[in-house]
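So the structure is just underneath, and the comments pick up after that.
Naming follows writing order (A, B, C, D and E), and every chain is counted from residue 1.
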Amino acid sequence: MDVTIVLLILLLGAVVTYFSGNKAASKVALLFSAVAFGASLMILNQYNQGIDCGFSAVWMTNPNILFSLKADGLALAMVLLTTVLTPLIILSSFGNNFNNAKNFYALVMFMAFAMTGTFLASDGFLYYIFWELSLIPIYFIALLWGNGDAAERKKAVIKFFIYTFAGSLFMLVGFIYLYQKAGSFQLDKLYALELSATEEFWIFLAFFFAYAIKIPIIPFHTWQANVYQKAPTVGTMLLSGIMLKMGLYSVIRWQLPIAPNAAQELLYTIVGLSIAGVIYGSIVALKQRDLKKLLAYSSLAHVGLIAAGCYTLTLDGLRGAVLQMIAHGFVIVGLFFAAEIIYRRFETRTIADMGGIRSQSPKFTSMFMILVLASVALPGTFNFVGEFTVLYSLFQTNLAFAIVGGTTIILGAFYMLRMFQQAMLGETNAKPFADVSFNEGIVFVLIIGFLLFFGLYPKPIIDLITPSIQDILVHIK
Amino acid sequence: MSTIIAIAVLGVVCLLAEIFNLRKAIIPITVAGLLAILGMTVTEFNTTESYYNNMIVVNRFTVAFSSLFILLTLFLVTLSHHFYKNRPSKVSDFIAIKIFLLLGAVAMVSFGNLAMFFLGLEILSISLYILAGSKPLSLKSNEAGMKYFLMGSFASGVILFGIALIYGAVASFDMNMIYEASNSAATGDWFYIGVCMITVGMLFKIAAVPFHFWAPDVYEGAPALTTATMSTLAKVVAMATFFKLNMAMNGNMNFAYETVIVIISIFSMTVGNIMALRQNNIKRMLAFSGISHAGFMLMALLNLSNTTGSLFYYVTAYTLAGIAAFAVILYVCNDKDDESITFFNGLGKNNPVMAAVLSASLLSMAGIPIFSGFFAKFFILNQTLQAGYLILVIAGIINSIISVYYYFKVISAMYTKEPNEAKKPVPFEYYVVAVLAIGLNIAIGLFPSCLMDLL
Amino acid sequence: MEHILKEIGVETYLYLSALLFSIGVFGILLRRNAIIMFMSIEIMLNAVNLLLVAFSTFHQDASGQVFVFFSMAVAAAEVAVGLAILVSIFRNLGSIDIDNLKNLKG
Amino acid sequence: METSFVLLLLLAPFVGFLSNIFFGKQLGKTGSGVLGTLAVVVSFFVSCYFFSQVSGSKQPINVHLFDWISLGKFSINFDILLDQLSLLWLLFVTGIGSLIHIYSISYMHDDENIHKFFAYLNLFIFFMITLVVGSNLLIMFIGWEGVGLCSYLLIGFWHKNQEYNDAAKKAFIMNRIGDLGFLIGIFIIGYLFNTLDFNVIKQAVLTGSNPEVAGWLSIATLCLFIGASGKSAQIPLYTWLPDAMAGPTPVSALIHAATMVTAGIFMITRLNFLFDLTPDVQNIIAVVGAITSLVAASIGLVQNDIKKVLAYSTVSQLGLMFLALGLGAYEVAVFHVITHAFFKACLFLGSGSVIHALHGEQDMRRMGGLKGAMKVTFLTFLLATLAISGIPPFAGFFSKDEILMVAFHENKVLWVIAAVASIMTAFYMFRLLYLTFFKEFRGTEEQKHHLHESPMLITFPLMVLGVLSVVGGAISLPGNSWLNHYLEPIFAHAPHEAHHLGTTEYMLMAFAVVGALIGIGIAYSKYIKKSEVPAEDSEITGFAKVLYNKYYVDEAYMAVIVKPIYSLSKFLRDYIETGLSQIIFGFGAVADGLALQGKKLQNGNIGFYLFAFVFGLCSVVFYLFFLR
Amino acid sequence: MIEVLFYILSTITLGTALLTIFSRNPIHSAIYLVICFFSIAGHYLLLNAQFLAIVHVIVYSGAIMILMLFTIMLMNLNKEHEKHKPKLIIIAATIAFCLVALVLLAALLKTKPVVESYYNSGTDFQSIKVLGQVLLNEYMVPFEFASVLLLVAMIGAVLISKKEKQKA
């Protein structure tokens, strides 16, 4: 059994979901995504036994392109992240009633398929295809099932699409250029390529443009908050939980090993930029009125830190970044879900219109609180492991980076607690607020359980990703 | 050769069918005939031969492109059935003209002599003038026909002048002689002036900037099916012919000529895309999009020896997407006076399949992966970069970005806006053509090798 | 008349037809009367025909003259179609002024 | 065996937390209280067990639980270290913790969320234990942040009041500022020593000093001190502690007086071998400590909220402890931590008892004359007040006196500051005592009617703590210190046994006592003799007003830090974000503008089209034949 | 003599061509054009292409121009239909004319003059017989194509100009 099975299950899931009719769609999608999760667990098991789960077949001879998937620890970790979060996200949407649910869930499944492919692909061209492919479903999800004024939403979504598309096209140019040099899109061939300093610089920049927009690193982030706000929560979760990680993962998998010298050269600039994003995102988040927007900016701050970790080019940096990616994936999904739950009850996302929820719904409050705490990287949560490692790597690069980047723990606490206070605490709200339902509770419990368990015992994940990161580091150094 | 004869016979048969009152049978007969011809052509694939004093050449290039043209005509003829429902007495004429148009098209890619080239070109052009003006009662159609006719004849004159100069330099119209002359140092400058004028004429035919002005007006004014023909068949015929001419006449293209191609390519892409941003008529929008695609296709000329496959792939991808898009446009705008984008509002609700087809074809044109349009662009860009024109590649990239905007404008109109009219049934032919064309488009996207390795 | 080209030179024919061609271009740009524009196109085509015949003599080759036949056929066909379109325009518009055909733009 | 006991020690409060969170409602009010208390008592007994083991064997106990985080060159394990220092802390944390739990059963009985209260308290104990027993800095950091979290939860326990929530948030964020320093310190230490384990670091430091390490080490210790000053409320991060009095009084007693705020002292003591290497930083610590103690004491002079007075007193006492730490007298600091825990817990619980009796009244201007109605409370309160004022032979006298002595030996200026602070302490503590318990009752009639002594569950802890305030000094009597002896293995250098009791020392003691008596005397003359009652808020003028408003530090922080950040945030949100957005849309606008212009070019005029054609033709020909 | 004849004919050709495009009455234009065509036929004769000359006169003057004249008369266009042209058009047209003429002539002038001798192969290459052979042997396929072309034009002319029954 190789990793194609996961892709096939997800793709099949998308098709079956589409034909299953509006009523059954969500359940079918849940079923298939759960099966995909099971399959990826089996792959993981195989991998741990030392069996190679990669797949490779000739796709085109002219130009020379292979359909090749590589399943090392890093890729598997990200695939697992995707296949874990997808069922959770689908489950979280059970309280919503979407028009045309079959289309919606089919798109969700398709997006999961594309993102999984992105994580697995080891041929640059294939990777690019999956990368772009994941854009289309989210475009439609945000456009058709989003909220707010239709015209503004359309504007935000098309901006998002064009912006990210623009970035990735430059990456495509980079890939074509590399292909001219290497005669292949294969990962190892590209790794082995000897490029001149100028070439590396431009290749690095071409990739950076794509990733900086996707991640996003400031000042390329302007699409983010609006799309997060306008998209339906499921879409926001997919975007923030998984899709951002595509960019970060790609930095580790593609950009750094292909252009290591340029990365070394630009280290300070780019780490600096990423860290500036941390501060910027945090400060902007402080005074947001819209809960989803606030979370979007918090996400901006967090991924800025992760990106900074990636670009330090140290083992700790890369490892911490991957850990933090996973942790952030979970926590942000949880937080957006909390926002969605409030929206389901109060029909508002404006923080000022909330407040006083705690006394009505203790369970929800506790769960939300834990997620908030995880997001501010309280020790004991998985986020702390990642953030600590990343900050340590920043420190190894430069003390100032660590100090400035470290302000995230202050500012993060600042805006998150401020939000929590305004949204949840205070005099009991006049509007009734039902506590979490069973379905909702399950999602929270799973996410929280994951965060706490791996916060105390991250070893399995660390052991899974470390060898592949070391492999990559060999090419970077 | 047999292809050409068969097509001519089929055209005459159409005309005869009208005489014998077999009007109903015309389209089925034609479709069947075209299918047979297609089969026949494909079997010729590996032969390389020339007929009648090298008037007609058959090789992989001609067979591949001829097959594509036949396929496109097949689609167009199928669409005709419903499109000309209200003008039953003219069906035979329309179909016959389309078949003869195909004849001209096939002649244009399989010529071995400039006389054949010129006559093929004129058959194609005149057929199109007629088709463009084929709604005599509509002033728009008149205007389109007139504009196209005047400018097309003008371009024909320029091409003819070029041919004359080449004849003056080579003393023959035979392509083999011309090829030799182009590679010999002794050839006089007349030859190059001639090449230059033919180039300009062909640039007009593929609607490259600054010879593109006719395209939007004519596309908009002509009846929709004619626009479909022009934007798919006619455009790629011209492109293929241009490519073939360049191979024969410009084997060792000099740098200045390449520069001209680069500049025109960049301008075509940019002007086409930017102008398309503000269009409200979908045919007009597609005209501009076609101009930008012409710019992309021109890139193939910069790496002549390697790009045949890429070009073929590109034109196939582009035309299949175009046919699919026009099938939907015909369905939506059949009973309307124009083709405003607002008619597409809510198509996603009224008719999800057709909306999906149109979305897919627009995505393909925009170059979004898994649709073949992406691969087409990728292959072309790859070859261009191989030829060392990074600047052109970047211009192409930027233009792809711009193009996304207007393609997505239509897509989002289909899905987000409320329909402004009741649902109407989809004619069977439109449905079949749309699905088939987009299916083929996606299929060649999944298996690009099947076309890339042909040439 | 055997050696007309020896006396006049093929270049002179070139210049002549180039000029004639230019006049055709001039006409088509200058006039807005569709019929006159057609005539201008005919002038252009004739310029080319003249050139072809000159070259044919220059090369002592018949194919140039044969090509002229095709060119004439094309000219005839074009005129036929062009006039047909013109007639329908005249029916609709009562005029053949090209300047009235500006509805398609933008 | 040891592992399971360690787990019991750790998990007992955690289990208490979980069961209170999940089943607290079902257990009923008393039930959840008892459960919570039991959990801590279990931990207390386990601590006692370990204490007896370690003090017997003098061998620290090391327990490896599991691997945790791997970093580049080393990995961090979840290990437990039970040595003399951690056990000492464990004892008084769990001991005082147990007492306060007992107290809370009654004190919080009327609160609907009492099960949550106990859950949080248990969680706090759990984290405090983690903090204390961790064998490396990162585990300490877990506990460190964890207690911060519990502090946040408990300060904001009455979450319907947004002011309380503000206070909670402030506490958490201020702590986080310190935590960043702590984290950076951890990084530097990890970088220098490739480990975070205390014992390994200690070995590395003791066996050989790496010269290049020194510069970094100063930064590291400074950063750690910043961390400590956040948690232990030193200048400039002290302002959260007085606000933290928003929480229920047992919380103030447990977290914000006895245990959590001493975590900073614990950490510095734990790492004494590092601080010893960086005298510059030690000096900074001493100065900061002294100034904090003076500033806080001066603010305490005029406060009218009973808990606020105690809060500033806590800050002031913590300052004294830091002074001792800065002077290298770690064992003295520890001594004062312990005695302070006794009498300050007693004071807070006593004030809680008073507040309880007055149904939430905290303003001393509305109290008075309570000694009749609340005898036990008054008595224990008096003992504790005497202890904090430094009257022999109460516990506070010995510990405070040792600090003053050390200061006198090391630096006279610091000694003067500390002495002044001590005098002030005596004054405001007795001011508090007089205003609360003496003279006439100044509250409403209804309150007066309901005045009563608190129930047994409240007075029992008071009595225990009162006794401890009296006798607590015995653990480190001058000249014959059990504590110093006990802690010896912890320190890199031998404790300051230098002050054998000579003339100077006796002089100093006498001076301290006299100073305290002067303070008491002033208070007596003001509030008993002249029966003064502090003025209402609006009537306070002059320097007193500055003091009353805490030197306007909160306002300054607000104006200098918080407000600018808010404005920046608004500015970024309203201008920069939209601006950046507009730049992107700008590209679109440019293309759009071009499209509009282009539409004019596409004018439908065939003449123009032909002209363009001709022009293009000519350009191409011209370029190809004349320009190449 | 031939030279003189050539220049006279050339003058007539260019002059009538210019008159064609300048004359305001379409009928006059047509008549000038016919004269122009005759002069071109004269050129053909000069070049010894008698058959072509005759065909030329028949096709152009006899067929095409008659067609045009018919159309003009059919539409009753002998009056001046054209409005006053804006200056811009005149300027643009003149510029275009000058450009084309200059560029073409300059390009042609720049080419090396033909120095090799004009040869007379002596073989007959332009008699009717030879032309017929070339046309129907070598150029048989294009010839057929030309017929297709005319067929298309015929169908098209009918298609466009035949009045249709009014559509529903």
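FYI, a residue touches a chain if its C-beta (ideal position, glycine included) is under 8 Å from a C-beta of that chain, and two chains touch if they have at least 3 such contacts.
These are the chains along with the protein names UniProt gives them: A = NADH-quinone oxidoreductase subunit M; B = NADH-quinone oxidoreductase subunit N; C = NADH-quinone oxidoreductase subunit K; D = NADH-quinone oxidoreductase subunit L; E = NADH-quinone oxidoreductase subunit J.
If you're wondering where the values come from, they're calculated on a predicted model, not measured in any experiment.
Least step count on the touch graph, chain C to chain E: 1. If chain D is ignored, touching still links all the remaining chains into one piece. Path length between chain B and chain D in the chain contact graph, taken as the least number of steps between touching chains: 1. With respect to chain D, maximal separation of chain centres occurs for E (centres as means of Cα atoms). Central chain assignment: A. Criterion: smallest distance from chain C-alpha mean to the mean of all protein C-alpha atoms.
The greatest number of inter-chain C-beta pairs in contact is found between C-E.
Ranked by distance of CA centroids from chain A, the top chain is E. In whole angstrom, the spacing between the mean C-alpha positions of chain D and chain E is 103.
Mean C-alpha positions place chain A and chain C at a centre distance of 66 Å. Put simply, the C-alpha centre of chain C and that of chain D have 98 angstrom between them. With centres defined as mean CA coordinates, chain D is found 37 Å away from chain A.
Taken residue by residue, chain E touches two or more other chains at 89, 92-93, 96, 100, 104, 107-108, 110, 114, 138-139, 142, 146, 149, 152-153, 156, 158-161, whereas all remaining positions touch fewer.
With touch defined as above, residues shared between interfaces to two or more other chains in chain D number as follows: 588, 599, 602, 604, 606-608, 610-611, 614-615, 617, 621, 625. The set of chain A residues touching two or more other chains is empty. Screening every pair of chains for touch gives A-B, A-D, B-C, B-D, B-E, C-D, C-E, D-E.
Of all residues in chain B, only 115, 118-119, 122, 126, 129-130, 133, 136-137, 139-140, 142-147, 149-150, 153-154, 156-157, 160-161, 163-165, 167-168, 171-173, 190, 216-218, 220-221, 279, 284 touch chain C in the complex they form.
Only residues 599, 602-607, 610-611, 614 of chain D touch chain C when the two sit together in their complex.
Interface residues of chain D, counted against chain E in their complex, comprise 607-608, 610-611, 614-615, 617-618, 621-622, 625-626. Residues 159, 163, 219, 221-223, 225-226, 280, 283-288, 314-316, 319, 356, 358-359, 362, 366, 373, 378-380, 385, 388-389, 391-393, 395-396, 399, 402-403, 406-407, 409-410, 413-414, 417-418, 421, 425-428, 456-459, 462, 466 of chain A are the ones touching chain D in the complex.
On the chain D side of its complex with chain B, the touching residues are 588, 591-592, 594-596, 598-599, 602, 604, 606, 608-610, 612-613, 615-617, 620-621, 623-625, 627-628.
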